[in-house]
Amino acid sequence: MNGLLEDGFGLMVLGMGFVFLFLIILIFATKYMSRLLNYLFPEQPVVAPNSSKGLNSSGVDAQLTAVITAAVHQHQKSKKS
Amino acid sequence: MNGLLEDGFGLMVLGMGFVFLFLIILIFATKYMSRLLNYLFPEQPVVAPNSSKGLNSSGVDAQLTAVITAAVHQHQKSKKS
Amino acid sequence: MNGLLEDGFGLMVLGMGFVFLFLIILIFATKYMSRLLNYLFPEQPVVAPNSSKGLNSSGVDAQLTAVITAAVHQHQKSKKS
Amino acid sequence: MENKLLNLYHDTGIYQLELGQFVMICVGLLLVFLAIKKGFEPLLLLPIGIGAVLVNIPGAGFMAAPVYDATGHMVSPGGLQYYIYHGGIETGLFPLLIFMGVGAMTDFGPMLANPKTLLLGAAAQFGIFATVIGAVFLGASGIMDFSLADAAAIGIIGGADGPTAIFVASRLAPDLLGAIAVAAYSYMALVPLIQPPIMRALTTKEERSIKMEQLRPVTKKEKIVFPIVVTILVAMFLPSAAPLLGMFCFGNLMRECGVVNRLSDTAQNALINIVTIFLGLGVGSKLSSEAFLNLETLGILGLGLVAFSIGTAAGVLMAKTMNRFSKEAINPLIGAAGVSAVPMAARVANKVGLEANKQNFLLMHAMGPNVAGVIGSAVAAGVMLSYVGG
Amino acid sequence: MENKLLNLYHDTGIYQLELGQFVMICVGLLLVFLAIKKGFEPLLLLPIGIGAVLVNIPGAGFMAAPVYDATGHMVSPGGLQYYIYHGGIETGLFPLLIFMGVGAMTDFGPMLANPKTLLLGAAAQFGIFATVIGAVFLGASGIMDFSLADAAAIGIIGGADGPTAIFVASRLAPDLLGAIAVAAYSYMALVPLIQPPIMRALTTKEERSIKMEQLRPVTKKEKIVFPIVVTILVAMFLPSAAPLLGMFCFGNLMRECGVVNRLSDTAQNALINIVTIFLGLGVGSKLSSEAFLNLETLGILGLGLVAFSIGTAAGVLMAKTMNRFSKEAINPLIGAAGVSAVPMAARVANKVGLEANKQNFLLMHAMGPNVAGVIGSAVAAGVMLSYVGG
Amino acid sequence: MENKLLNLYHDTGIYQLELGQFVMICVGLLLVFLAIKKGFEPLLLLPIGIGAVLVNIPGAGFMAAPVYDATGHMVSPGGLQYYIYHGGIETGLFPLLIFMGVGAMTDFGPMLANPKTLLLGAAAQFGIFATVIGAVFLGASGIMDFSLADAAAIGIIGGADGPTAIFVASRLAPDLLGAIAVAAYSYMALVPLIQPPIMRALTTKEERSIKMEQLRPVTKKEKIVFPIVVTILVAMFLPSAAPLLGMFCFGNLMRECGVVNRLSDTAQNALINIVTIFLGLGVGSKLSSEAFLNLETLGILGLGLVAFSIGTAAGVLMAKTMNRFSKEAINPLIGAAGVSAVPMAARVANKVGLEANKQNFLLMHAMGPNVAGVIGSAVAAGVMLSYVGG
């Protein structure tokens, strides 16, 4: 049994240890986060994922669109009058 | 008062001067351009910005689509006959 | 008549020769391929090109969508009950 | 084995984290909070904030340079932000591509209908140069360590134009890039808070109620030829502004010409989005504690606020001045839109105008100086690059 | 002229083709066949297969390095795959960008509703480390030529996560990258065949019929804060996992925050698709006969299968163990989803559950351990990079 | 201060502009005009034209090389077009990615239904090689300074295929790249003017009225296997054509296989659009006055026109020859489509056919030789690269 094998076992022990350690910490962190958030901001829960509708409309775009739309309206109104 | 300050004022004077100079030239260029274009090509004006409809249909695509559509039609006709 | 000209003619002869050779081989390969495929897998032929519908739905996306849809349904059902 | 365990412990952030890194991670998270919760220019500040968090994780190596051996074989790869920063920001590629995309999103129609408003876009650039003087004072008096190049880069915050600020800063003051970009985008987000008091203080209610004449319709041909005219003028008068304005006009030409819609669409969507993600991560990589946690950053933030305020005031005052000489009345509020911050500043002008007169829709009129301000600050950037570099 | 003709003949594949190249072209075509006809992870295996075909065409120069003269002028350009591999895979950029896109596609909702399932995602990583031991045995016994770095890279196949495997392999064992990526994606495609027998063998019908409690609804705020929490924990405890998990969380934050939808959309579509095409061609470039046609590849394929099987078993057994200590019953089938292979493994759990009880829908419950497995294997990857590199 | 003002004046285009640059800016604007007003292949000629304008702005530095100090730190960044040209065109990446996208847009159905039409695609390549002879004559006679490599690169204009021409020119005659690309795309746009007179001169009205037999339906399987067959044949017979045809077939396989639609969609849209913008700017960067304003450019433009004409004639004559030996009648007009210029040449054939017989729809029949011409010129390109390089 040589150093390579020893290193391998070391990696396994450390690795599984660390994975469990990290994910257990994450469990507690997640639970605490959820409790804190729901305590601070009691809100109507939603589970439906971000619908993909309107995915293309960004802030900038939406603003530009608003600007342009308003402009077109104004012009159309003015043409009539 | 040292060279840095002097350079700063130089930059301000030159900078504002150039900005005004450039944009004033641009005003005249724009006005002249508009007058020239509207004189040479008197056309029905449009103010509505490029609508985003059909934004995806490029030249190449449109041509390919035309080709493919024609092909499909031809085949469908031939199937009936 | 110098070497450049000679090289040019060489390129022409070799080039056209190779183009014809390659495309003739391709004709036979294509014909053989078609015959073999239609012999091995006699199927209802389609000539309509890949319609562009559903072009955005990939394997991964579709799977995710399925997962999400199922989840939403389950939750909606559970809310009613 | 214990050795390896110790190594692993020494690799942890807990062991390695320095105070400066901790503070910068908090700054990054603050930017993320402002982006998400307060809507501060989230498209940029969210990636910048995350970029700041990532680059300050000790031992994560996001800014690590790659190592090659003598034969050119890679020994250890570089970090993600190293490649992004050196590939796209140091070279200037990303800001220029963003500018192309912004050009493809910009409608020059309102400006073409009323070219006089270009003057408002010019006047508002006074914020830039006044700030340069401020920075130079701080530098000359020894309070802060600003060179002329630093002062120029700080001044450009007053241009209220993100890619221009990043482009200039990457060339004149790379060390200040992080603070400058953060200041520029933060104040652009704060335009609805910064501008209205200044606008109200400098105008009477009668002035704010001025109704402007209906804009004339603009033809497609004018819109197509305009970016070409700008490019030619830039080529003739200020080649150092040609990278910025050339790409901007190229994008606008793709938009207006009507024959390359698929390119225009990509420039406005996939391409600008991809580059925005990278630009944000790359700018965030400059938010290191050494570069950010010092007096100079406070100076930059303060000067940036001054720049926006002076620019706003200059635009409004120029409009009032023009009213003295011009027959057609100009509502001075639209002068404030000359700082750019497209289209936020135009909407602010519209809103303040509506407060004074509920029938007064200034939005389209303010779009003229608004896009003129983009050209104006690109011209100012060109002068700076030429003056400081030359 | 005859000379030139001879040259042309000597340039043909017929003249130059070596047996190894011929075999590797066949391997590439096999991957293409599996991708198209059998639906084996086609998004990756199709480009990888074509990449393998192209790189093995003798004389086509797809992996040729560019040649520069002394003045830095290019004498002969490099091949497409050379630029892709060295630009995007050796540097780690492509796997990280893919991971960002995957983050933007991932919904952590089910996991947040039931954080305990993170334990299942942790347990399933035992497949990774058991495989490391297997590879180390083969190496220590002299059967195959595996170093510790090789063993670690092979083990990560058990993480059932393509980009993580490619990222780790590119850093620890670039020569094995081709075989490791092929094994990882192939077994991910084979999850519906590999897992069910193991799941059935380790559970009773009663256990498989366990109905789980309805998941609680999760708020938008929790979803937004979660990726930030993960990033902070990674920064504190395992910076070597920060590139992978940082980008993953960045993508997820873009998805959930709701203010940068255009960036999230691009990260999930145009950007990830572009990078996927390049990643596939780049990985395929490592499928050369020297690197692939040897005993080690057989070892990798064998060990990869072992890794998936052990990971599946470990997940199921952990779920059974948790049932002993927990009040709320857990269907042990969802433990198998802890290997990741999102969302395939979750669907397998659902399907096997339906066989036992037609009213038992496990899909959402299995998504928890499924995404937890992604985090778990990224953490495992971080430990490996730190342990083997340090 | 006066000094700085003088500097600024010396930086202006007015002071620096040389006649050659002025002329080239006009050439660039002419290309933009042709693209927008005349519809000359606007997707390429618009970016090329703007690229030509930008690169010729004196002092704007669009082609400036970056400067590094001895430690590898960047002293001054390079210009946008420098990075684009050296990163994407000199390396061959952009033409290959475009070719992949074109492959993903190509339907081989009509060709598979009637493989004989491949002969027409072969014959039309005679335009390429006749032009090589022409260029070689001009070079040998001392009229123009053309080497064999130059002649080969000029000949490929006759392939009527933009990315192929750019790829070959970037390898064999980088100095002529600008003129060759402009000639290739211009004549492709002029196909509706160049081809019809030749087609009418070489055919009788009876021949033009020939109705062709209905194409047989083609199965999905044939379409999937075909690109693989082409790739294998290329690997066996002409590896030097493998970069072009391999990527083309990869794109086509993504299109037809039906399991990677999201990749195919991206290859046809976001990716090809992004690369097209860059390719145009990069090609435009070669339109400098030294490279363009000389006798050789006139030669290239003249020879390119000859190439298109001879290719058209050769295709038509080959079709007439085939009619002598074949039972199934071929309308000789579809031979003209063999030059490629997809799908313009096929539409021209259809239009000229309709003039002779209003019921004669040749479009689909012409698509066969049309796509065959793409393969044919890629094969010709491979021969040239092998012959001239070897």
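Going by the order they are written in, the chains are A, B, C, D, E and F; count residues from 1 in each one.
By our rule, contacts are C-beta pairs under 8 Å (C-beta built on N, C-alpha and C of every residue); 3 or more make two chains touch, one makes a residue touch a chain.
Being a predicted model, the structure only gives us computed values, none of them experimental.
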item	value
Least step count from subunit B to subunit E, where 1 means the two chains touch	2
Identity of the chain that, by mean CA position, is farthest from subunit B	E
Chain whose Cα centroid lies at the greatest distance from that of subunit C	D
Approximate Å spacing (C-alpha centroids) for the pair subunit C, subunit E	26
Where subunit A and subunit F are represented by their mean Cα positions, the distance between them in whole Å	45
Inter-chain centre distance, subunit A versus subunit B - centres from mean C-alpha coordinates, in Å	37
Cα-centroid distance, subunit D relative to subunit E, in whole angstrom	39
For subunit C, residues contacting two or more additional chains	10, 14, 18, 47, 49, 56, 58-61, 68, 71, 75
Multi-partner residues of subunit D (at least 2 other chains)	4, 8, 39, 42-43, 107, 109, 215, 217, 237-238, 258-260, 262-263, 265, 269-270, 383, 387
Complex interface listing, subunit E residues touching subunit D	86, 90-93, 96, 100, 170-171, 224, 228, 231-232, 234-240, 242-243, 246-247, 250, 253-254, 257-260, 262-263, 265-267, 269-271, 383, 386-387, 390
Of subunit D, residues touching subunit A in the complex	1, 4-5, 8, 39, 42-43, 105, 107, 109-110, 214-215, 217, 269, 343-344, 346-347, 361, 363-364, 367
Subunit A residues within the subunit D interface of the complex	6, 10, 13-14, 18, 56, 58-61, 63-64, 66-68, 70-71, 74-75, 78
Complex contact set, residues of subunit E against subunit A	107, 109, 111-113, 115-116, 118-119, 121-122, 125-126, 128-130, 132-133, 135-137, 139-140, 147-148, 151-152, 215-222, 225-226, 229-230, 233, 237-238, 255-256, 258-265, 372, 375-376, 379-380, 383-384, 387-388
Contact set on subunit A toward subunit E in their complex	1-2, 4-5, 7-12, 14-16, 18-27, 29-31, 33-34, 37-38, 41, 43, 45-47, 49-50, 54-59, 61
